[in-house]
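In this document, chain identifiers A, B and C correspond to the written order of the chains, with residue numbering beginning at 1 in each.
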Amino acid sequence: MSVYLLRRLIQAALVMLAMSVIVFIGVYAIGDPVEILISPDADQAERVRAIAALGLDKPLWEQYFSFLGNALRGDLGRSFVFNEPALQLIAQRAPATLELAFGATFLAVLVGLPLGLYAGLRPNGVGAKTIMAGSILGFSLPTFWVGLMLIMVFAVQLGWLPSTGRGETVEILGMRWSFLTRDGLAHMAMPALNLALFKISLVIRLTRAGVRETMLMDFVKFARAKGLSPRRVIGVHVFKNILIPVVTVVGLELGSTIAFSVVTESVFAWPGMGKLIIDSINVLDRPVIVAYLMSIVLMFIIINLVVDLLYSVLDPRVRLESKG
Amino acid sequence: MSITTADTTSAPAKAPRVETPLRRFVSEFAESKMALGALIVFLAIVLIAIFAPLIAPQNPYDLAQLDIMDGRLEPGSQSADGSITYWLGTDDQGRDMLSGIMYGLRISLMVGAGSAIVAALVGASLGMLAAYAGGRTDTIIMRLVDLQLSFPTILSALMILAFLGKGIMNVVIALIVVEWAYYARTVRGTALVERRREYVEAAQCLALPTRRIIFRHLLPNCMPPLIVVGTIQIARAIALEATLSFLGLGVPITEPSLGLLIANGYEYMLSGKYWISFYPGIALLVTIVSINLVGDHLRDVLNPRLRK
Amino acid sequence: MQPSVPASAAPPTLQVRNLRTSFFTRAGVVPAVNDVSFNVERGKVLGLVGESGSGKTVTGFSIMRLVDDPGRIIGGEILFGGRDLVKTSEEDMRAIRGNRIAMIFQDPMMTLNPVLRIDTQMIETMQAHRKISKEAARQRARDTLGMVGIPSPDERLKAYPHQFSGGMRQRVAIAIALLHEPELIVADEPTTALDVTIQGQILAEVQKLAATTGTSIIWITHDLSVVAGLADDIAVMYAGEVAEYGAVSDVLDHPLHPYTVGLLGSVPNRNKRGEPLRQIPGMTPSLLSLPPGCPFQTRCPRAADVCRQSPPMAEILPAHEARCFRPHLEEAGVAA
């Protein structure tokens, strides 16, 4: 197991390294680094000084290594707009995005799993067909548009929920969270649902496919032949088997949920990383862009690693392979 | 009794007409009323988009035709000079929403289909190269595919727009970069399976030129999955373009696509002027749903594994 | 219909009477089991023989009442322990399944749930039927594993199915079937997927069991040689019907139905070395489009005009029934 873990960690480091090259080339070679890294307000003397200070007169590979060295020390430059370290900006915004993404994932499983189970057990019923049609809609609906419609219905017409912002927050471990206050939860409801919509459809489809496939397996019929109750057959024998793909995909999708929160955050003015990156792209605040890209890749790698470990806990067959 | 009788007893009874693969495909596709309906809807949308300049009540990109006095009119209102009825209302510029949607569809479909075609060409070529060359080439290409696919589309697109800046061409490039990997993976997978088939080995033994083997034997077999992936990818490209335009990273404000039309209505939503965002969204939704339904059914029809 | 074996004092464990199970598919109604009758005597083994698609597996599932949609039992009786299983409620049926009637499946690789430990899968079976503590259930599970010849059962209980070989998994499945000492075991080709040596071991094991515990067994198979060594009675199925039914020695030594004759002729045999193997011409007919009359007529070397009518099941020799107008009576040494 530890050999496996070590191998995965080395792999993760390599992916991180590859990403740093891509981001470096993207920002330093494709774009104009002077424009990117030096404030447009700077005068000529300042520019020359900054170019020398940043080492932009040095060969590219040397620049890359200094970029890498700085990155390893946690220095990805300062934001032009906020005049703060870019990484610090990202770190401040991360809790908002994370709680939104986790909330959406939780909602996706909470809603999607029972619906998918139902649709899988009675595939020809009216209910199942409605659920499946709904899931096609969930895949097709443009997230941002649904967000607007949610605002229109629940905030403008019904006035039940606030349309923008995080609401009241509580500070824990130096980070501010919305989900622990009533007001915060009310603010989170629509964005989380909006972000969850696609994942709900995904979980429904995965669960339904899994149930239908598993129900045909001999071991399910054998479990019934043992005289087990339908509750036990479905709740244990079927459920444990479909949990593996569902957990894997939902886990892996967590990264994409974080990335897609860009859209939801823009719609609901949710002050997370996504809102920050869109604003930064719009004003070409590239140190923040670099910091965002690097930290989100890191998140991805961590998520993949955790999901892999979780997978081996759930599926005994994988456990053996990694041991042997 | 001999083996020969054993073989002939199960002869098929009758064939009313010659069953070509195409006919069989068409009749199997038509079996689903829903998919057929979706196809008709989609074709209608394409026709509307193509002929928008002829059928739209006004040219929404021609600022001379817009009257700011007509701004934010409710659906069904008359224009100030009484020349047009705004069936779907107007936006803040006094632009007829119906015309705006028709023209917006043009952009959305063009960007979606255009990027899908280029991505298909690039992806299919690389996928074929990977399958045919094998070895290190294969490894490198597939590693790239894996890397690309492990990132959510929106993130890759944001990354590229962050490097290149905003703009419609950059959005198209971003879409191509996001999509090519799906095609590459599909073609490589199919081509690898087909390559091991006896007829390809026979063709190789006959020393047919590689080009001929690829274009006459491998590529035709890759077409069905490629078509399925292509259909779904067009829908995804349209959705992603709309999203990026909504975020203000795509098309210019003077020639709005559906996404930007929706974004324009955002601020008026809170004052209850729903139609500016609502109708373009419906158009977008209908387009994407119809393509997805067609693609879903195509996959069922073309997938031999699901065939009974 | 009479039991083929001289009637003992005790009634048969299971009596199947004119069972009909059909599948209502989109393409039409498939009569998978059509007017099937047989008895399973206490402590005896009935071999249910037929090609794939002959309805033998569906018969087994019908007895378990585990026929899934679009299949349905549409007629007949399954008498077991003084009640008709066809009319038994699902709730009562569940109390019988795995408890009084157990089933063993064909593919041991597929019958055990891959993500549950062996002990879980054994203990849940016991707890489904009686109030028993986990510890007592584990004890019983361990003993049963030992009984079917699994070494170091304590350790094996904590293992997952993939850690067992195919033969060992089938032993586990048999152990699960034996947990409640059922009156009847329906074994659906339990040795087909196994190596020949393992097959032999399992057959011997089962034979011993039937003899010592008085458990009756329905052994479903396509392999006549397995039945020859194991079964007391035999029912040959063809196209959803029982073609021939009788004691194993009667049926194998003096087959009456041309299908049974064909089946026996196509088994390789040391005595027939050098001779070409005979084979039954043609293919199993589609159950959707059976010809009127005897379903075997299109492949039957003895078919005549009369075969266009449905032959009834008839006791042609004492305690030896066949569904045929033109049985092989010459070979049986009896004048027509």
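The criterion applied here is as follows: contacts are C-beta pairs under 8 Å (C-beta built on N, C-alpha and C of every residue); 3 or more make two chains touch, one makes a residue touch a chain.
All of these numbers come straight from a predicted model, not from anything done at the bench.
> Of all chains present, which has the mean Cα position farthest from that of chain B?
C
> Which chains, taken as a pair, are joined by the highest number of C-beta contacts?
Per chain pair, the contact count peaks at A-B.
> Just give me the whole-number Å value for how far the CA centre of chain B lies from that of chain C.
Here the centre of chain C sits 54 Å away from the centre of chain B.
> Just how far, in Å, is the C-alpha centre of chain B from the one of chain A?
Here the centre of chain B sits 25 Å away from the centre of chain A.
> Show which residues of chain A lie in contact with chain C when the two form their complex.
Spelled out, the residues of chain A in touch with chain C are 217-219, 221-229, 232, 236-237, 240-241, 244, 314-317, 320.
> List the residues on chain C that touch chain A in their complex, please.
64, 66, 68, 94-99, 102-103, 105-107, 110-117, 124-125, 128-129, 160, 162-163, 173, 176
> Which bits of chain A are touching chain B when the two form their complex?
15, 18, 23, 26-27, 30-31, 136-137, 139-145, 148-149, 151-152, 155-157, 163, 255-256, 259-260, 262-263, 266-267, 277-278, 281-282, 284, 286, 289, 293, 296, 300, 304
> Across the complex, what residues on chain B touch chain A?
147, 150-152, 154-155, 158-166, 235, 239, 242-243, 246-249, 259, 262-263, 265-266, 269-270, 272, 274, 277-278, 281, 284-285, 288-289, 292-293, 296
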